[in-house]
Amino acid sequence: MSSADSLATPTWRGDLDDRVSKYLGRSQRSLKLVRGRETVIYVILIASGLFSLLITGAIIYVLAIETVSFFKSDEVTFANFFGSTTWNPLLGGTKSFGIWALICGTMLVTAIAMSIALPLGLITAIYLSEYAPRRVRNVLKPVLEVLAGVPTVVYGFFALMTITPILQWLHGGFSVYNAASAGIAVGILCLPTVCSLAEDALQAVPRGLREGAYGLGATRFDVSVKVVVPAALSGIISAFLLAIARAVGETMIVALAAGSLAQATFDPRQQVQTMTGFMVQMASGDVSNYGTEYYSMYAVAFTLFIMTLALTMVGNIVRRRFREAYE
Amino acid sequence: MSDPTTLANEAAAIEPRPRDGRQTHFTHSREQTSEPTTLAIRVRDLNAWYGDFQALHAISLDIPANRVSALIGPSGCGKSTLLRWFNRMNDTIPSAHARGSVNLGDTDLLSRTTDVVDLRRRIGIVFQRPNPFPKSIFDNVAFGPRLHMKLSRTELQDVVEWALRKAAVWDEVKDRLASPALGLSGGQQQRLCIARAIAVGPEVLLMDEPCSALDPASTLAVEDLIFELRRQYTIVIVTHNMQQAARCSDQTAFFYEGRLIEVGATTTVFTKPKQQQTEDYVSGKFG
Amino acid sequence: MNLREQTKMQSPAEFDSDSKGPLASIQLLSGEPRRKLDARFRGLCVTIAAVSVLVLIGLLGSILLQGVPSLSLTLLTGGPEPDPSEAGIRPAIFGTLWVCSLCALFTLPIGVATAILLEEYQPRNRYGRFIYSVIQLNISNLAGVPSVVYGLLGLTAFVSMFGLFGSRTSQGGGLEIGVRYYDQFFSEGMRSILVPVSDPSQPVNKLVNGMQGFDSRGNQVAINVIPIGTPLPTGDELRYTLYEDGEAGRITKKAWYHFSLPLGRGVLTGALTLMLVILPVIIISSQEALRAVPSSLRDGALGLGSTPWQVVWHVTLPSAMPGILTGAILAMSRAIGETAPILIIAGIVYISRAPQNLMDDFTVMPLQIFNWISRPQEEFHAIAAAGIILLLAILLSFNALAVLIRQKLHKPLS
Amino acid sequence: MAVSLPIDRSLRRNRILFALVVGALLIAGCAERDDGFGGFDGAGGANMELQGKIDIDGSSTVFPITEAAASRFRKLFPNVNINVGVSGTGGGFKRFTRGETDISDASRPIDANEFSAAVKAGVRAIELPIAYDGLTIAVHPKNDWVDHLTIDEIRKIYASGDEKSPAPKLWSEVRAGFPERSIEPFAPGTDSGTFDYFREVTVGSKSSLRSDMSTSEDDNVLVTGVAGSPGSIGFFGAAYYEENKSKIRAIPIVNPETGKAVLPSADTIQSGEYSPMSRPVFIYINAKSVARPEVKLFVNYFLTNAAEIATAVGYQPIPASLYQHGLANFVGRKAGTHYLTPEGEKRSGPLVEVFQEQNLRETP
């Protein structure tokens, strides 16, 4: 404050009062201008808010238009698409578009992934939330964050180059592309998601519940498994649903490690093709842009979109309900 | 005014001050202004709701200009709600709505067309907890003037210094205006917030339990400040602390369950309340 | 309570016969089994936690093992050459740089604006509240849409623009900005002579003696045309000499901001597609950052007569900035690692040069790595592993930056 | 129609030009050491003058040759930017016939539909064979039971069966004496010329191949697949076999005419002994693009070095006379295809017989 020195004199008060009252009496900034700017900004904000709706609209529009062209084709019938387990858009005398072969592959990989990610993720979450000393947390948290941040193509490489050879070494029946290897990698990928969402849910349980249980002489295990987990159950379920959605939509790992043979099998040693895997195959093959097989990519994408949307929507609604219950 | 905290001071803060001293002070001040009390805010038949819950029932109240009006009552009695309607802070709560009339001079405070931004410049507010922005002390005080006025740098410095002096915190902060406001003590922060409110030149200053988060020494400092400020501003203070109301207000309004039970000169309300509920409350039977 | 029920079931006879009261005779269950269970569970937890650490070590270890021998300067400077010893990732690094910085440029403003709308501007009525909840649910659902689907959207909406603008050839056409056309002659002295073209629709210039053009230095030169069969001149003149049947080809020079429709498979398309992928992520993390700002600060600013935007701009946004930045960096690291949508829109290509403009073809690091992984030669796998090390190094430094910002800038707000 | 004189001259001149380029680069410094003019960069001996961009897309079989050519060419002319995509022969033609690319890699000749699409869009395509590709049938090295296969057996393995005789699931169904191991067939994607060619020589273009096999547009994926399990069998370009000799084993194929089992090799492919499993691969060039010096020089370079490049990446060169003929067509801008009769019928046969002046069905 440059004026600070001169103000040391006892006469400052009158001076400053006069000056400031002059300033304050002056005309204010134009409210109209401020209002106008405010409106413009508000409109911009609303526009960006609506942009996300536009994206959803565009996704549905694009997928629906092409899916309609797909079903218009003579080679395709609804009954075949939803009723057959033979997915064979590219080869053979009669093309067959039985989406169940792809859904089956997707489910197989997802099931393997979830049998790893869900229990491990949940237990790790319980450990982090209820048991872990600060020191362990400080190690485990970043480890999980790093695992979550690794690009999926790296997991694909890991599956193909490390997991598959190990599986083949353990058991001769594994083919080089197989569902198990891809599933394990997807499971590792989803583990941090499950863990952090489930931990959020556990943390949201009020302290009072825990203290009440401890006060009754419960062990940590009793508290976590009999009190906290049931209390956070809906949050945990939503974490599971979101993780399943993520596994269903995972692309690069299955494109690299699961294979390209669409078959309805539940043998994890076999190669399978998932919905996303098929889309990658179509995209990197650049099939002529007008054939039925090209539109089949959109029909598959639409099916995939609906599936993941249903999973995330339910997951998010459950999650929101759960959070509201405790906030 | 920031004397070292001594036991004596604390005791003084807790014990009601001698009524006489206050009284003379008041008298003195009234004599000084020596004009009839004018009306600042007029509330008529105000009903207010949060969603379906009715928080205020048919409140009619006059807030005199250049006086300190205290709103007292137990928790949830609606006193803060009323205060927040004065400068429409309740607009930030989506479910809040009100019917009735609140006027500041000619301005209808509840009207949709009232410019709340301008309104809040004219009616400043100080909150329960000091809430300085995570900026420097100078920037905190300069925040309002920068929004509302075109001032040169030196003019802005004048305003900041003036406001800080008014809020009786200048001497403590003048050497560290550039340091973060969050480094100040609670009492200093609250006085800084008062300075921040003053710096835009409001007509009315609303204070929502301004001392409830402060230690006794800081409370004392803020109370002194309130008393000092009433010469220039109409002050409405919400308080839980009846001694505080008694110490520094001219008029007291007692609320209970959303209704205005009694209003009158502070001395009257505290010594000869007309209503039984008021008496029970001021004598500590409930609350 | 559970405990008591068990006890009750164990000794009903005793319970009845006792006269002193129901509790007196109850034998308490030993706490030992429960404590054991607790210990076992803790053991299980520690094991599983250790497994996840081991998995990370295994993942990184196997990649390091395969990749470290191939780490070399060539990897940084080379293009995707067919010879593994010359192969590098430079064009892909620059592709990633272009695409991701453009993507951040688009996504941050839109994402933060949406978050501000949702967190700072209360809906005014029931209708508004409904729209808000739809937007909010929509955003969390968009975050769950597989990225490969965004790739398809990008393919239709950006690459071909629903076929509204025809198709794009290497020689341009249609709406174009930031492009200059030249007819390139290549002289017998192997010099390029460029003749500027003002109207790209006009046919390529015919060779005329004395025609003016520019050499590669930008100097104006006259073209020396000689009849077929004439011996070539020697010395400097050779540079501008062409036989009379010499031809020109139309080439373009594009400014970095070159723009044309449809967008094609260029950098801009990649950035816009990745924007779709990470927009929900940025919105959600920005919302969380804004939510963490104490409302007392907003009240303080409002109480001084700030407009809603002034509150946001002067108070909320600065306070939420560290959180927003952290979220943005993490979202960007996701964008860097994203492969599927880029694969859908661009496909695998041999691209030997870093992108030069917004419309230029590109590849990104993970796609180049994918390309290498899908080759059968071991050497390429090793290079892929080295590329992964590079990619992970970039991502880890991003994460570290995020942590740093979180720690350095995170001041208490109240 | 004999090769006309101007073409001849032009051809010679082009080669002179090329000799000049290469010479300049080899003895960088002697020839036109730069005088600060910014022409030749002393370090790499490269010509920094020529600019431009060449878009190539198409078959993954031809990709290694094109990639190698592009990579080498760029060492000579670093300012020419070449992008090579891998979209399969069909996908490549799709873009090519719309005029989006300058050059299309093809592992089969252009077909009637694609040709008419090109004509419709006004794209004149110059057809240039660049190498032979022997289709290699390969199995896992641990597969010790297959010593040779006849075309009939291959057909049995790959044809889509009917109710009477379903496609075999086990090796033992192919030939008596083979073990009861499940067959895992791999095949290139339908978009690839490799697929079309294989189908034609085994089951004929009217029939179809079995559908329960793994397909990929990327031949590398097939190699990895076959190398991954002992029961697998796959077919792909010989180049991919050459690169992975240690991982997979090629199977001799019985030549139906001589009855001899022949392994794919340089000699057997070029001599035609490895029949019918060898076929030529092509590049198609948009005649409009040829006017551009960078395209002209690149194709010139490609054709003059095709034999060497093809050999280096595991393909077999076509006879020198055919390169000459191709170069002549290129220089003379003779657009059209040799593989379609004027009636639009498909023409097939050995390359030397088909790729004749009189067979050219020119683009109008």
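Here the chain labels run A, B, C and D in written order, and each chain numbers its own residues starting at 1.
Simple rule for what comes next: a contact is a pair of C-beta atoms (placed from the backbone, for glycine too) under 8 Å apart; a residue touches a chain by one contact, two chains touch by 3 or more.
Keep in mind that what you see is a predicted model, and the values were worked out from it rather than measured.
> In contact with chain A and with chain C at once: which chains are those? Just list them.
Touches both chain A and chain C: B, D.
> Please compute the C-alpha centroid of chain B, do the same for chain D, then give the distance between them in whole Å.
Taking the average C-alpha coordinate of chain B and of chain D, the gap between them is 87 Å.
> With chain centres taken as the means of their Cα atoms, state the distance from chain A to chain B in Å.
Each chain's C-alpha centroid was found; their separation is 49 Å.
> Could you tell me the distance, in whole angstrom, between the mean C-alpha positions of chain B and chain C?
52
> Distance-wise, how many Å sit between the C-alpha centres of chain A and chain D, to the nearest whole number?
43
> Where in chain D do residues touch at least two different other chains?
85-87, 218, 221, 224, 227
> Enumerate the residues of chain A that touch no fewer than two other chains.
Counting only residues that touch two or more other chains, chain A contributes 34-35, 284, 286.
> Counting only residues that touch at least 2 other chains, which ones in chain B make the list?
Within chain B, the residues that touch at least two other chains are 117-118, 121, 147-148, 200.
> What pairs of chains are touching here?
Every pair of chains in contact is listed here: A-B, A-C, A-D, B-C, C-D.
> List the residues on chain D that touch chain A in their complex, please.
85-88, 90-92, 94-95, 160, 184, 187, 189-191, 207-218, 221, 224-225, 227-229, 232
> Mind listing the chain A positions that touch chain C in their complex?
These residues of chain A touch chain C: 34-35, 37-38, 41-42, 44-46, 48-53, 55-56, 58-59, 62-63, 66, 120, 123-124, 126-127, 131-132, 136, 139-140, 143-147, 149-158, 160-162, 188, 191, 217, 219-222, 224-226, 242, 245-246, 248-252, 255-256, 276, 279-280, 283-284, 286, 297-298, 301, 304-305, 308-309, 311-313, 315-317.
> So in the complex, the part of chain C that touches chain A is made up of which residues?
Touching chain A: residues 2, 31, 34-35, 37-38, 41-42, 44-46, 48-49, 51-53, 55-56, 58-59, 62-63, 66, 109-111, 113-114, 116-118, 121, 134-135, 137-153, 155-157, 276, 279-280, 283, 307-309, 330, 333-334, 336-340, 343-344, 347-348, 366-367, 369-370, 373-374, 381, 384-385, 388, 391-392, 395-396, 399 of chain C.
> Please output the residues of chain A touching chain B within their complex, sorted ascending.
My answer: residues 1-4, 7, 13, 16-17, 19-20, 23-24, 26, 28-29, 31, 34-35.
> So in the complex, which bits of chain D are touching chain C?
That would be residues 9-10, 13, 17, 20-21, 24, 32, 37-39, 47-55, 63-64, 67-68, 70-71, 74, 81-87, 98-102, 218, 220-221, 223-224, 227, 240, 243-244, 247, 289, 291-297, 313 of chain D.
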